[in-house]
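Some notes on the structure that comes next.
Naming follows writing order (A, B, C and D), and every chain is counted from residue 1.
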Amino acid sequence: MKIKVKFFASYREIAGRSEAVLDLTDGSSLGILLEDLKGRYPKLGSLTDSIIASVNKRYAKEDLVLKDGDEVALLPPVSGG
Amino acid sequence: MKIKVKFFASYREIAGRSEAVLDLTDGSSLGILLEDLKGRYPKLGSLTDSIIASVNKRYAKEDLVLKDGDEVALLPPVSGG
Amino acid sequence: MILVTEDDFSVDDVLKKIRNERTGAVVSFVGVVREEDRGRKVRKMEMEAYKDMAVGELSNLREKAMKKFGLEEIAIIHRVGSFSPGDNIVLIAVAAGHRKEAFAGAEYLIDEMKKIVPLWKKEIFEDGEIWVEGGH
Amino acid sequence: MILVTEDDFSVDDVLKKIRNERTGAVVSFVGVVREEDRGRKVRKMEMEAYKDMAVGELSNLREKAMKKFGLEEIAIIHRVGSFSPGDNIVLIAVAAGHRKEAFAGAEYLIDEMKKIVPLWKKEIFEDGEIWVEGGH
């Protein structure tokens, strides 16, 4: 299945890109996707904090099972206002 | 000595006037002025609450001694904003 | 900036005046004539001031709040005259480095103003009128 | 009214839109780029958003605050793009029957926004830049 990934702010700079499309085994969870991304982008992997992410524009936990076409975003600690 | 008196809001309506000039014995206090006014304007006299007043645009206590030319104002409970 | 006036105000204009390079937060409060008060339909509202004293008391209050909350600038405009529901009555605008002080300062100013500044509100209903006593 | 936009805003225009006949108090908060932050001179500030999600989170927050404080209406405008000291970043405006709810609602909104809405601030100094982490 194809998952669209968006990188924001410091994560965008760390990954060196703002978007990617990943091909994952059906039934993979958000946690598995995050592990995969940490492997592809070693600087992401070296982050000690756990990465907050959204799936289809809602905050999601690592055990959420993804489905084809989902949009995942990696969200650094927010600082609006 | 001459004292200028200003009446505001409900006190203006009760006294039926917005200003008066009173001739008082030198050395009279604000309290004496207020008693005098309650005598002149019986409806003011029938008020059970003590009347808050200012002298020369500052809140003043009844024992303040007035001097010629002072401006006294009778101030109902405020309700701005 | 302290004003007791018959004229309406522009919040944008006032905010422009009170901001400076240290301002990170501007909090403003606008008080408006409500159509209904305590269950009665308001037709008109009249606001009376002991103008010179009100300006003096508001200036003192401004000084006090500037120090108490470490604010950058404060503007207070209180209108007087005859108003209809929906009209602006008062504007309090506070510029500060950070939001906590700006909020605390603005709320302090409106609370204190309602206790000590010689301004009086008369509400005129379909069937009578009252002088409001004590800010609410 | 929820907007995440590059454009600046007029507080007067927004206040006009959110007031109704039950409004007695309108509280607004404007966040501004400060010239200095934690002792360093700010040259530029960049604001990035996950726009669709930010609009969604702000809409949820609006609903929550409307109910929690019994408000009449709320507007939130958050700007994105590149800014200089003195520029507006965010406007939160709350219309309510009375002032206590309006103040509480506005402060709640800005506090919550800084915790959960996907917006990121980068400060650019003379000698470097940082992504700010956590609202302050």
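Some notes on this structure:
Here is the rule we use: a contact is a pair of C-beta atoms (placed from the backbone, for glycine too) under 8 Å apart; a residue touches a chain by one contact, two chains touch by 3 or more.
In this text the structure is predicted, and so the values were computed from the model without any measurement.
Hopping across touching chains, the smallest step count from chain A to chain C is 2. Greatest centre-to-centre distance from chain D is found for B, with centres as Cα means. In this assembly, the C-alpha centroid of chain B lies 49 Å from the C-alpha centroid of chain D. Centroids of chain A and chain D (each the mean of its C-alpha atoms) stand 26 Å apart. Chain C and chain D, compared by their mean Cα positions, are separated by 23 Å.
The set of chain C residues that touch two or more partner chains comprises 31, 110, 136.
With touch defined as above, chain B holds no residue shared between interfaces to two or more other chains.
Going by the touch rule set out above, the chain pairs that meet are A-D, B-C, C-D.
Of all residues in chain B, only 6, 8-10, 54, 57-59, 73, 75-81 touch chain C in the complex they form. Touching chain D in their complex are the following residues of chain C: 10-12, 15, 19, 21-36, 85-86, 97-99, 102-103, 106-107, 110, 136. Note for the complex: chain C touches chain B at residues 31, 47-50, 52-54, 56, 78, 89-90, 110, 113-122, 131-136.
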